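First chain A sits with chain B, and in the next complex the same chain sits with chain C.
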Partner chain A sequence: MKITNQIKDTTIIITLDGELDASSSVMLDEALSDPEIMTYSKILVDCNDLNYISSAGLGVFISHLQRFEDAQIKLIFYNMQDKVRNVFEILGLDLLMTIVSDYEEAMTIADE
Partner chain B sequence: MLYRTNAKSLFITSALISWSLLLANVLLAAESMHRESSHALELPFVNNFLIVVFIISVFGFQRMSADNLKGIDFIGYLWNIFAKGGIAAYLSVALYMVYRMVTNYSSVQSPLLLHMVYQVNFGLLVLFLAKAFYVWRQLILYHKNKFIQIAWDWYEILLFATLMLTLLNFNYSSLIFLPLLGLIGLYTLFLCTNLKWVAYLTFNKKGRSLILLMAILLACFIFADFFNDFADSPLLVIDYSDVGFLLLAMFFVALYTLAAFLVALFSLPTSSVFEQKSEDLLNFQRLSQSIQQGQSEKQVYDMLFESTVKAADASAAWLEIFRGEKKDGIELCHQLTIEEEQIKRIRHLLLAYNIQHIDYINNNLDRNPGFRDLTLPWKSLIILPIKSKKHLFGVLYLLKDIEQGFDRETVNVLRTFTNQTILTIENLRLVHESLQNERYKEELKIASLVQDSLIPKKFPSDSWFEIATHAKAAKEVGGDFYDFLQLSESRIAIIIGDVSGKGISAAFHMAQMKGIFHGLMQQDMPPSEFMKQANNALSRCLEKTSFITSALYIIDYRMKGFMFARAGHCHTLYYNSMMDDTFYFQTDGLGLGIIRDKSYNNHVREMYYDYNPTDVMVIYTDGIVEARSPTNDEYGEDRLRYMLTQTYHLEAEDIKCAIINDLEDFTGPTENIYDDQTLLVIKFKPTQPSE
Partner chain C sequence: MNNKISVSCTKKNLKQIRDFVTEYLAGYKLTDIQMNQIVLAVDEICANLIIHANSEDPSKNISLSITEKAGMLKFEIVDNGVAFRRSEYKEPNIEEHIRVGKKGGVGIALVNRIMDRVEFESNARQNTCFLYKKIK
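Take a look at the complex of A and B:
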């Protein structure tokens, strides 16, 4: 699992590369717990290279969801593989989180 | 044992008889010589035969009793010779003195008495020689090799062969036998170089053994002198110095005693070195064996401290042990002739030099101004940290009151000690850890048993539906669960769930969920209402990153339908026999514990479905569809659905087995599955329940 950050103005793009399982979700939790992340208005998660997400990985996003919502920070997933999207959908997270098809769409939603 | 006892008593008897006969014969001859003034001894061959029998009997007896001597109590061996053999010499001297006193006092020459004394002394001599001969044999053969064993055996045979000369009444001192005697002498000399046992004596023991050896030598001298005096004496009818065997045996015993004496004497100065080495070795052994003997770390440190102080002959020392991870957790656990005040000062100085935890040797403290200012009574210092690659266990400080106190040899020994200690301590900790792990495993086993009891093994068997279940946890305890509750005669509630994560915490939440299920369903509520209330209940106790997916089905066979709600759980697979079609129920529903307020109520849907007889419902957890093949493909919903289209006509149990077999084919033979797997197959039956 590789997690990389890219900053564009008030947007932070987090790229997930690999499998988000119980051990790598700790890294993700650290990245999302960084106080600095609250200074951005948008968090874009690039899921293009995310091959698998475990319940622990989902749990990390879920645990931070409320916090970002309260701080009015938008959390947007894009480029998600069908397999991973299916996991989100089964759990019902597609209705709670914003999942869009590509980067452009993500940027337009983020700018609204 | 019986044989040995018998042989011993046989030897004693034959020795006594032969000696008595010999005595009688000699006295008889002396009497006749006295009367007829003739020097001829009657029946010399009989006499010689008796001598040989006596010698063989005594030697044979001693050979057998010498076998009892075992072990490395060499002083005991020497004492054995002295007490049982050497005393004989002093007895013979005493006897001779008494004889002289008696003859002087009465001024009567009594050849009979003289012969008697001579004869008794002969017996004592043989006793002494036999004893010494066989004790020396034990010592020569100490740490023996094959060569020495053979050499000795031949020597013994050769020596006893010389008895033949006596038997045949040859004079051994004749010229023909001289070279032979010379050769035997050399042979004896060679055997006398086997003195390994002397090296094992400590300084004190060497001192004691020197005294004993001297006493034995003296005994040899007394006998030799006595029999030499009487050699070719005109007063006697018999001369035992003619017996070559005795001469050779005496030569051997005396030579070996002398050799042992000299070697012990000259090895006295070096014995302390040998002692130290053997003690070091013993201490190494003790250190390395301390694990098997179940000793604690403290005992290991005790051993290290004792051994190093002795090995280095240190005049002062202390040992610091670090407890815990913190730097300040230093414990002064050993102190030898040094004040705490002095330790504090030295430590302070070392801290200033920044060398407190590294290997450090200073063989001339006076040359260092810092140490000179401390005005310590010591001149050499060595610091030995006890540390592995990862861990610093402690530091050992040794001080000596002389310069150049720690030479390379000593330092090597000390380092070996500390290295061995590190190994021992680390092994001790490993053993301790593995014991701890063993206990955790035991407890996990219990947890696993408890959890197993939480999952129902038997569903109510009824004529209107059949059910088959499969459950396999990835670890000892898992997060998957299912359960049922008979709501009324015609209605049954079935729940399946999956707690995020695995292991103990998941197992706890699973138990919680089971409690919630049983508690809430007592009130018989619709599935969606159950999900709302369950979410509410879980919101308060589930940790932030955990959530639970679940699905609840309430089957009503009177209505021939079921109601269900899905909370983020895997879609239900269904086979409809009327339409001959398999599909997944696509309903919305958010997992439990994701939204922890009332807004969750908008995220759960309820569905009602009428079933037909022979319809099949497959309920499962994500461990099934997300199971991986060796090539990292997922089993997937499609393959599961395909399996159902192939097997729906079978009974529930067979459908389940078919799916599990296919799944195991897919994943291949693995011991550890990636996630918990749970599968329930429900088949509705056409027959109506009996009235």
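Take a look at the complex of A and C:
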């Protein structure tokens, strides 16, 4: 699992590359727990190279979502592979989180 | 075809289990989504056994064997840790998890929704989890 960050003004783009399972999701949790992340108004998660997600990976997003919402920070997923999106859908998380098709759409939503 | 794998109880070995399942299923005509769902269900059970039932003790092992009969896949996962108590299991309320920031507890829900049948058996020697999935 590789996690890289890119900053654009008040937006942080987190790129996930690899597989998010019970082992690797610890890294993601650390990245999202970094106090600096609360200084941005938008968190965009590029899922293009995210090839797998298990409940542990979903759990990391579930556990941070309310904190971001309370701070009015938007969390937006984009470029998600169908098989990964399907895992969100099995639990109905696609209705509780913002998942859009591509970067342009993510930026548009983020700017609303 | 090799249909059995045994790994020690560390989370790092989950990848090996997923690769093993993927390789076994490569011969079946599954869509990307079907393949991913089945691999995920097995991964979830194994992660629970490694982390909760066996406290990530690398001196302990879990084993997985896969068979297929008349279009029904059967996964048999055996360990010697603390048995899963199905009677104490409650379906998660995801919105509540979000509200309180809960990290775990949605894995078995995924397994139940993906697989056609999920069974747990325990005796004095070992625990076995059976997962069944119709693919034809």
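What we mean here is this: the second predicted complex is superposed on the first by the 112 of 112 C-alpha atoms of A that agree within 3 Å, B and C clash if a C-alpha of one lies under 4 Å from a C-alpha of the other, contacts with A are read in each partner's own complex, and residues count from 1 in each chain.
Basically, a contact is a pair of C-beta atoms (placed from the backbone, for glycine too) under 8 Å apart; a residue touches a chain by one contact, two chains touch by 3 or more.
No experiment lies behind these values; they were computed from the predicted model shown.
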Chain A as common anchor, with chain B and chain C clashing or fitting: clash
Which of chain B and chain C A:93 touches, first, second, both or neither: both
First (chain B), second (chain C), both or neither touched by A:60: both
Contacts of A:27 with chain B and chain C, given as first, second, both or neither: neither
First, second, both or neither for A:3, with chain B first and chain C second: neither
Which of chain B and chain C A:82 touches, first, second, both or neither: second
Residue contacts on chain A - larger count, chain B or chain C: C
Partner chain(s) touched by A:107 [first = chain B, second = chain C, both, neither]: neither
When the two complexes are fitted on chain A, the stretch of chain B hitting chain C, from 128-136, 542-550 or 560-568: 542-550
Touching both chain C and chain B, counted on chain A across the two superposed complexes: 22, 29, 55-56, 58-60, 62-63, 65-66, 83, 87, 90-93, 96
Chain A-touching residues of chain B, taken from the complex the two chains share: 498, 500-502, 544-547, 549, 567-571, 588-591, 594-596, 603, 622, 634
Contact footprint of chain A on chain C as seen in their complex: 11-12, 14-15, 18, 32-33, 35-37, 39-40, 43-44, 47, 50-51, 94-95, 97-107, 109-110, 113-114
Chain B partner contacts - residues on chain A that touch it in the complex: 22, 29, 55-56, 58-60, 62-63, 65-66, 83, 87, 90-93, 95-96
Footprint of chain C on chain A - complex, ascending: 19, 21-23, 29, 52, 54-56, 58-60, 62-67, 82-84, 86-87, 90-93, 96
